[in-house]
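Heads up, the next two complexes both have chain A, just with different partners, chain B and then chain C.
Here is the complex of A and B:
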């Protein structure tokens, strides 16, 4: 099939005249999707925004003669900003996202490049292996890692105890790990959370990068090899520029995913227990749904999280578009 | 364990039957055939109707038998069938929240007495004032209605009173030749000895840092003369920074810092501790006598009631520590469509005959004074009756549950002290401010 035949076929006018002006067909086709999004996403988002300015508790949302919600203005927001837990949650959310997004992309890319070098059979084997980690549901991940880091029965403390004492002391300043609690304080909780989320999200990056790599003509690499380019230089001069669109999408997705991580943290802490380790999602949940529910301040936190996410994403998309223009 | 529990509960709710913690499924109280035959008997007023009842806790065999008998009696009197569901204690607030929001609540529910103010403030309960001034219920002392009476209306009827005492492994104490402790120092010595002999991962005296942690912390703080907060005018003033409260708080955190309880279980509640107790991992902990049937189930019969016993918690300052004035009430859920039938149920359940049996079968203290008086000679109930005389309660405010359970103000303060992040003074000063903010909001 040649290019000209495709062109000719696509230019052939439709045999039967449709009732709709062709100009409007795309819009007509979009209507069902937009309607679903509007009902399931836009309307709830609008409601969250409204609720964030109101006092909403159980008497306001129940089925039987609900009370009207009281309008509070900015009170929910000022109260949230005065709360220490909000600031520690904000710090945790942003710190976690920066570290985890970076690690996910670096490790994912490295594994993707490695997969490209492997034989077909071996690469299939590795892909199946890592995709299994990616496919584990978030709640199950939380439970699995909580068990791994269990103070008494966990495999991590057991393994750390197997290290020769001098090595363990040299590395961590201690030799005895029996009964070491990991989920009592924010720092160790986030160490586990970062490893857990990295473990479950790098396979997606790796496979996406691999798909991108398959699309790069091998001639480019052959030319680089003839010119004596080092693998490092080849990556930065050929692979990276050509995969830039892939990286852009992966970065935005990772930012969004890591900013709103909830299930893993919730199950790891066994509910909203350690307050210093809250991130904004868990904080919002605890405010909105734990007795007595304060949906107004929960909504305010959710709105703040959304705005931060919008700013970060908008900034990143702008950078991306700019650099495309320069090229 | 949590997953199994959650799965069990989900399954139980889906089927509308009660399932207990040990995975043993109990039959719902009224059999279907009985329900069909009831309407035929023309007499009862509510024949053919169904009432949903929430019981809190585990459906251990004596509790289940009690409910079966009560519901059968109720069916005989009114003709209505009762659909019984069991809600584990740590999930009560979440279930109530969901029920109040979604409208799929019970008609009648059991409720912890200190939870009543919160759920009244959320308008989740119906007033039942008239019910308490007539019949048997008029005999229940009025001072037992302190938490239940709000703005002159009564929202719940005391069903059984519960205080806490120390549950210990009698067989271990006999084996290791430990005397039943009379002072706090003896408790510490006994706990140390248990850990030496039974392994370092055994909690000699278990630390409770979960949703019901204040039952333990409160007893220790009250025994020093401290209290959480007092109402001055219409404002709550926090008393956590008082030296008396601090002394109790330090005894409490000392359970972990001195190694009597593992540092890795700072958020465990009584249900978690009970599970470990049933698995030979705890020597002593503060609880109520309703835990015993659950322990027999959890340990698959390996730990039996005759291996267990109670003693009143000794105060560090000497004598017995004041216990938490707990109790279980029964109330009409606000959104019920069957208010009249629901009130009938409460009338029957809290009548002298059934309330006394509820207390007896559930290991609680009876709310009827003459029955309570007869308990002083009972060896099992005596520690509780003794503690009951000195019982104290938490600040009577709708926001207490938020401070004590949801925000876990003092549990977080205790953790920051145990982790070495703050001194007791710093942690209590922060907690005091937060407690005042929550109670006065």
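Here is the complex of A and C:
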């Protein structure tokens, strides 16, 4: 008699006279979280969509006697599409993401595989080092790399001057790098940006790949070795297929992150200065907050960026549902 | 295929063994050298920031390569703490950053713990939709939220107030906070709470006395993540605050003036901004990585 009652009670929490039906407890716990997400993320997302169809400029946002927003229909979008800077921003955004994501995954995976071959002490040592790079705040990254690439006293120009003149000329078409300004022009800004984001994001890939590698049974590798498989073949036939879910998530996360690069680019350019170097994030910001403010146009660009990211995220969500993370 | 030779004399066997040992050793040296190179390349920019912060201007503004600050000085640190930038000492900006980050953590920790418990401990209608929403909202670019939140903050009279920045940072960090903390709650066996229930503990008591202590390390990790995100946040602080309310990421932008760049001061300030984050980060990096790619890595 007592046994069964205990067995039954063990699956059920005590009925306390707290008044709240257990069925509603999870909803009560979720109230603050849902309120925050709804008010600070979902509702603004809806608002930005509305604003993208409106004219919102200085007369509409001034504190004294603001004018109501004027409905424009698709005008913000058609104007944005006619703007050359939009197309260069789109090109920059996508081109940067494709190059950087590829480099990050290749370098990160290589370092992850390397870490897996090291002794425990050595790998901890390297992980601490590369993780320190990942932890550097984006704005600090921006100023550090500006300093490295500084025209007069930067160490990169110093190092490039060390190259033998014929090699430097053959590779870059010039021998003297003294005083070369890197942050005035779109192409060189993106060279720095790619190197910087690669530097700060490969550690995450490396450590994730390492975590995945640790989960692969060593017998598989022993069997491959007995069969005389080359390391290259072993990677593509064993490691890669088993880590496919990891790579899928890492790819999508990297794409999402690299599409939204703002702080680093903003800091490199010292604000929205070089229009040809804008990506969609900086372009949206510049339209909305540089005088004269064109919030509607900025909102339209932000909506376009969001839609691109939504499409990418759809794959991410599918991957997470498949790996039963959302169950 | 040629058949492997079956008979070998002792010399040959010993040579092969030595050969194998040699190759193993060579491989180890090659691996460790590559690893050291990776370490050096990754650390160099950070090292260069810190060492520049302690060099004299003579050693900073030179076309030579000076690997160590042989003229070690605190003048840049002193200068940014006394004179500062944009009209205020760096102390003020560090303080603003700390208030925003700690405020975000305080609110975020409570909210994420409640929500994480709900999704990890209960089966209820709408649970899957909530989890998918968490994933989807994480991809919303800050620039999309910036315009409407800027207008709302102005309307609500929160413009140029650290409170407004805290509220926004709670919104930016909460989805990932819940997502990460949820795996920590789920990792605590439910039978522990059930045992407490049998002993007559109420739900509340079981939560505080059993679940909470076991989830606390996860809560710390999640909080540090939120702290770092809020500490690093640039774009909202840029448009919502006036100079007295700038946080460190905004303040750093104001060093780049017309009259040449004071690299010593910039590197000193960014060192002050970076050190606490790197220390925090190294404490929790393992947990953060597993939180980000949870499930996928577990396979």
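Heads up, the rule we're going with is that the second predicted complex is superposed on the first by the 270 of 327 C-alpha atoms of A that agree within 3 Å, B and C clash if a C-alpha of one lies under 4 Å from a C-alpha of the other, contacts with A are read in each partner's own complex, and residues count from 1 in each chain.
Please note the rule applied: contacts are C-beta pairs under 8 Å (C-beta built on N, C-alpha and C of every residue); 3 or more make two chains touch, one makes a residue touch a chain.
As the structure is a computational prediction, the values presented were derived from the model and not from experiment.
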| item | value |
| --- | --- |
| Which of chain B and chain C A:300 touches, first, second, both or neither | neither |
| First, second, both or neither for A:180, with chain B first and chain C second | first |
| Partner chain in contact with A:152 - chain B first, chain C second, else both or neither | both |
| Partner chain in contact with A:101 - chain B first, chain C second, else both or neither | neither |
| Which superposed partner A:64 touches (first chain B, second chain C, both, neither) | first |
| Touching partner for A:270 - first (chain B), second (chain C), both, neither | both |
| Contacts of A:289 with chain B and chain C, given as first, second, both or neither | both |
| Which superposed partner A:80 touches (first chain B, second chain C, both, neither) | neither |
| Touched chain A residues, chain B compared with chain C | C |
| Touching both chain B and chain C, residues of chain A | 61, 63, 143, 150, 152, 178, 270, 289 |
| Contacting residues of chain A [partner chain B, same complex] | 57-59, 61-64, 143, 150-152, 178-185, 270, 273-275, 286, 289-293 |
| Residue ranges of chain B touching chain A (in the complex, touch as defined) | 2-3, 93-94, 96-97, 100-103, 118, 121-124, 200-201, 262-267, 334-335, 398-399, 401-402, 405-408, 412, 415, 418-419, 421 |
| Residues on chain A engaged by chain C in the complex (per definition of touch) | 6, 9-14, 16, 18, 23, 25-27, 29-30, 32-34, 36-37, 39-45, 47-48, 51, 56, 61, 63, 111, 114-115, 117-118, 122-123, 125-141, 143-145, 147-148, 150, 152-153, 155, 158, 178, 199, 203-204, 207-208, 211-212, 215, 242, 245-246, 248-250, 253, 256, 259-260, 262-263, 266-267, 270-271, 280-281, 284-285, 288-289, 295, 298-299, 301-303, 305-306, 309-310, 312-313, 316-317, 319-321, 323-327 |
| Chain C residues within the chain A interface of the complex | 31-32, 34-36, 38-39, 41-43, 45-46, 48-49, 52, 60-65, 110-112, 114-115, 117-119, 121-122, 124, 127-128, 130-149, 151-152, 154, 167-168, 170-172, 174-175, 178, 193-195, 197-198, 200-204, 206, 228, 231-232, 234-235, 239, 248-249, 252-253, 255-256, 261, 263, 266-267, 270, 273-274, 277-278, 280-282, 285, 289-290, 292-299 |
